[in-house]
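Letters A, B, C and D mark the chains as written, and numbering starts fresh at 1 in each.
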Amino acid sequence: MRRSEQTRAEDTLLRDTSRRFLEDTYAWDEGRLRRADRAAHWRSAAELGWFALGLPERLGGLEGDGNQLLSILEEAGRVLHDAPLLANVLLAPKALSAMNEAVAIPLAEKLAAGEIRFAYVPDGSLHLSRSTMRLEGKGSLALGAAEATHWLVAVGSRSADGASLLLLPASDAVRRADSRLIDGRSASTLYFEDLAIPDDAVLARGETAFRLLEELNDRAVIGACAEAFGALEGGLELTVDYVKQRTQFGAPLSSFQAVQHKMAESFCEIEQMRSLLLWGAVALEGSPDERAQAASALKVFLGREGLTAASRCIQVSGGIGLTEDYRIGHVYKRLQTVSALFGSTEAHIARLGDLFIPSTQHET
Amino acid sequence: MDAFFTADEIAFRDEVRAFIRENLPTDLAQKTRDGIHLAREDMARWNTILDKRGWAVHHWPTEYGGPGWTPIQRFIFEAECASGDAPPLSVFGLYLVGPTIYTFGSSEQRARYLPGIRSGETFWCQGYSEPDAGSDLAAVRTTARKVEGGWIIDGSKAWTSEGHFADLMICLARTNPNVKPQAGLSLFIVDMKDKGISLQPVITIDSGHSVNTTFMDNVFVPDDGLIGEVDKGWTYAKFLLSHERTNNAQVHRSRREFTRLKDLAAALPGSGGGRLIDEPAMCRRFTLVEANLVSLEITVLRVLADQTEGREPGPEASIVKIIGSELQQRITELAMEVLGEEGIKAEHEGDSLLAQEAQGWTERHLFRRVVTIYAGSNEIQKTIIARSVLGM
Amino acid sequence: MRRSEQTRAEDTLLRDTSRRFLEDTYAWDEGRLRRADRAAHWRSAAELGWFALGLPERLGGLEGDGNQLLSILEEAGRVLHDAPLLANVLLAPKALSAMNEAVAIPLAEKLAAGEIRFAYVPDGSLHLSRSTMRLEGKGSLALGAAEATHWLVAVGSRSADGASLLLLPASDAVRRADSRLIDGRSASTLYFEDLAIPDDAVLARGETAFRLLEELNDRAVIGACAEAFGALEGGLELTVDYVKQRTQFGAPLSSFQAVQHKMAESFCEIEQMRSLLLWGAVALEGSPDERAQAASALKVFLGREGLTAASRCIQVSGGIGLTEDYRIGHVYKRLQTVSALFGSTEAHIARLGDLFIPSTQHET
Amino acid sequence: MDAFFTADEIAFRDEVRAFIRENLPTDLAQKTRDGIHLAREDMARWNTILDKRGWAVHHWPTEYGGPGWTPIQRFIFEAECASGDAPPLSVFGLYLVGPTIYTFGSSEQRARYLPGIRSGETFWCQGYSEPDAGSDLAAVRTTARKVEGGWIIDGSKAWTSEGHFADLMICLARTNPNVKPQAGLSLFIVDMKDKGISLQPVITIDSGHSVNTTFMDNVFVPDDGLIGEVDKGWTYAKFLLSHERTNNAQVHRSRREFTRLKDLAAALPGSGGGRLIDEPAMCRRFTLVEANLVSLEITVLRVLADQTEGREPGPEASIVKIIGSELQQRITELAMEVLGEEGIKAEHEGDSLLAQEAQGWTERHLFRRVVTIYAGSNEIQKTIIARSVLGM
């Protein structure tokens, strides 16, 4: 159990290797997106063990803990990584662990080797008929669905009755609306129109599926917040460096108390978010209630204090902060993006309210 | 807020409203609704329509073609234009250059430049800020060197909005390096077609192109391109900025956009089956923004009422930039919550109401981070209030 | 119609006289409350015309407009006046205007002369039986009820069905729980236990009463906010003067940018509140909807931005701001008090929501 | 937040909880719930009970009577004391004076003063701040003049909390006026019964008396009343302040009070007939405060985990004063909304739940305006973060 940012130093090798690798191959630069050889990059990530880390030993994995997994996503966030790491580092390993081993082992092997890619398709209005086994409806935005080989599809996540978790091979037969997001990532909306689902595509049903879907979505939230946190932390460093250099009215911006206090306020918000992230990391393996609380608290904090911290960085940077070539605007867009994915800020406030303040009915 | 207006003013509002309904082409209204960076020809078309009615330069004195309205009438006119989705008029010519020229320019300059602004044929851009000067105009480094028959200008200007389609620039340049930074500046009219001018587009975080960096290399400006007296440019620039204090509040745009956002949230379903806007948290947020918007409107009206009734506006004039800009950001932040996942897409497909509305809101949300920075950042505004109003 | 603070200069005589009178007789000073001869002060206020100002000519009044009435309350707020002016300057004149002239004229005369005093008893859980004419239930906090000769009692204000407005002579037969409020004012909770109400005590019933109760409560809100605004405005002036004198770390506090910006932020909030107050003044004579909007917007602004502005004044004042002897804490307590009276901040947010965002049902 | 603790720590928590349940007198718990300024004898009673169990000076080294707990265990202990409504221990003796004396004092001073603090028999107050010094300790003007066998102290101290019932004061005085302001200060132990000492009560805005101004006129302190070396007082004072960084967060008190406020809002009816806490706006506000409270708790735990595991705490230690104090104020502000009209009464009659709870909340709400001011105002904390942590 890690209770302090500093204990992550124990994972020095993992974090340092990740950071070096990302800074070498993915450092911020306007031409980056055009240059990066995404396929080669993915294979290198696999070689670093990123996709095996979350898998249990019995599936040939490295059985890393929550802090290790999140540290990869955090480092990826720092360089504003735009490939769909989240589903493959944090979600697919969990889903595979829940599967029949005979099926899971070969998939885990390929995941670890970077040969297949998963995308997580959050529930939108999906409904699977138990009698006809036909899938209808649309998913919510699925990061990296267009490049994935397999889709993890959350169906009927609102109640145990209709819940199921599906693993489908990516298929052009499914209508897919691809979007570029404002933070540069790709995501798709999948429309399932009376699609026949074979029995063996159903990883879980009913109560089991319901709990698994909650877990996957909480993991998605916590992981996405780790990426956003990394971006924000890097953004603050960038901004502090900038205001030290930038001169206005004959003095460095960093010498103005208003600028100092704004940066100190962002620092306070970022450190609180780091605290929630440490909680999220241990909560990944905690009780469902605690995990849900940590996930929603993180999401709410990101959508409020996190965005405020990022917008303050733009504010003190002045004009350059508004330009597409400069990194800080992309940090803001990354946070804005994460804030809209996997449930809005207000939706997570409402959920957190249900968790923190149980209603009378639940109590009795 | 009707209680705030006289019967005459309400009659005037009805007249303006009727004119817009009858004369604003529907395609222009649609374009205004769709995006934030309008094309030159679209702005010009509406300018021409207004000019025919004598309403294009509604805040200019009658001798230069203004309709002779009171500041409150101008408020009403602008509010109606905004709520009717009329394209914004090009801000530099009408609000900045025109008043500069009729106040400080020669009669030749008035005759030569004012008609083009009034009709919408000539587009202007502003050359005040510089890459190293930001909010600190006294740090302007662009130089104007006296030569036979005119001046040679060298330097660069930052944040030249609409520079890529402007005909002329009003440009602040250093004519005397041997005096205090503020004292040695002059104001010039620069032809954007001069071969010494090159523009580099600046793509802003909304991925749009409305801003440029302007490089001036050996640009010739004839003697009659100097506005007023040499070395007085700082005074002229400050005069203008201090006389357009309510403009930056963007109160009409905010009202229009907020109304649209309310309509959108009333048309979208909430998670409980009802309207999105009726969800308690959403309703509460809309309500709080509305309260702030009303207080901004009245604050602006206080300033304009003072002007209308012949008084110098009170210290409330110094707050409208701050509260107006913060409100603009709160509105687009609320929009992002309303739009949900649609708001984070860079492009929007389909003809759903949500997809149609999203493009504009996403662009606005990102681009509007600028409003607390430009025109004197809000931090600078607060320092001004503390020093000038509170005497600290 | 006054659309600018500056037009109040047209009421120079009234405002100047009021301010001079209040500063002479009621200026802030720890011993003030013990010293002030409250009865003599009230008579002087009557001589200044404060209670006649809101009465119509036909009742012998001066027919002052909303701005004039509010300017008296604002000036009283500046000196943290603690007598129940609100009900007598702003509410009773309105209630008398709605009465039968034969009854109203003598009452108006005595009100104007300072011989009788009204207290406004906002509805709490009051119910008047139409058949038995018995009054049951308790009122909400009524400012100055213990010193009043007449009570204006709002009954059944939630619906037109049960609404009535009563004018009752103050009576010891009614159980009264007197409280000192944190801002130094006195208020009482009245408990009516099966009290017989004579017909002529009922000023209005049903729809008419419902509308009148709404109007009285909006007036109470707007007037109380005017008092609080005066207090806050005086508090900012006091604080700005203080930080100019107080030296820390070798420089006046007023030279620190953080202090400057905090004061500028409070100034922004105060000026916005002034705007809403100007709206409130014209809305006193506007449509019921507009009046309700102005009242609730003011109340919400006071309870949020107003309290924030006041707490910033304490903050920059430092330790002295925490002492009972210094004025700024009392400004804060005045705002806190007004914020809890006549409906809480959240209740007014909800009401404003209903007014600004009509629900579908209301629209059709 | 159980996931954050080890099994051993959870077992420790159960032990502490059981001890408090069995040993805390119910009348003490009730008094703690009722007000914010406790009497000396109430604090002393609880101190004695803890001392018998060896838990009174839970953060002192074992050689001075501490139980040898890790910082995390101390966190758990304090959390349990707070949630069990145990009276707060006198903060100056335990947290400030004790560590100062065992770190910098002589062995005679240790033997003479530490037992009284441990047992709760001796009460201390702090004499650092002065009327003209505020947050600026270097501006201390109180002087200590060397005389035969001791020192003569003259001057005044501001904000002497609990000074009216303290036995001793730890006092910062200027011993050398000829060096830099910080360099010439020394730390003394002053007997509050000295005839040269007079106190003037300072009534705070909650109308309570817990604070005084202390005047020292020709107060004699014998040589053995000097702590450590002469002119090193500043170093000692700073050392202590920097080693108790998580104290000011008041996380346990906030958790306890927030829980109580939640219970109150769950017991009160809302306007719609249900519970007050279930009204959407109320529920949302409670939820947001809870999220901030959890993040504060974890931030404090990070600092303590570092200490427990032998590391210097990271920069997060510098934020706990700011976020902890802001949260305390948010909680009491929420309480005022929950209490409604009951919250603005100076006294409360009747035995309704609301009336019983209101007194404490109203006092707390007013008095807690101090927490963003004292112990280095939040503005000073932000400047420290900017300079020391961010290198600005």
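Here is the rule we go by: contacts are C-beta pairs under 8 Å (C-beta built on N, C-alpha and C of every residue); 3 or more make two chains touch, one makes a residue touch a chain.
Fair warning: this is a prediction, and the values are worked out from it, not measured in the lab.
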item	value
Pair joined by more contacting C-beta pairs (A-B or B-C)	B-C
Furthest chain, CA centroid comparison against subunit C	A
Centroid spacing, where centroids are CA-atom means, of subunit B and subunit C in whole angstrom	40
Inter-chain centre distance, subunit B versus subunit D - centres from mean C-alpha coordinates, in Å	53
Contacts with 2+ other chains: residues of subunit C	256-259, 261, 349-350
Junction residues of subunit B, two or more chains touched	281, 284, 379, 382-383
In the complex with subunit A, residue positions of subunit D that touch it	1-4, 6, 72, 262, 266, 275, 277-278, 283-284, 286-288, 290-292, 294-296, 298-299, 301-303, 305-306, 309, 311, 314-316, 319, 322-323, 379, 381-383, 385-387, 389-392
Contacting residues of subunit D [partner subunit C, same complex]	129, 132, 134-136, 139, 158-159, 202-205, 207, 271, 279, 281-282, 329, 333, 336-337, 339-341, 343-347, 349-350, 362, 365-367, 369-370, 372-374, 377-379, 382-383
List of subunit A residues in touch with subunit C within their complex	256-258, 261
Residues of subunit A that touch subunit B when the two form their complex	140-141, 177, 179-183, 187, 246-249, 256, 258-259, 307, 311, 314-315, 318-319, 321-325, 329-330, 332-333, 336-337, 339-341, 344-347, 349-350
Of all residues in subunit C, those that touch subunit B in their complex	1, 3-7, 240, 243-244, 254-255, 257, 259-261, 263-265, 267-268, 271-276, 278-279, 282-283, 285-287, 290, 293, 297, 300-301, 304, 349-350, 352-353, 356-357, 359-360
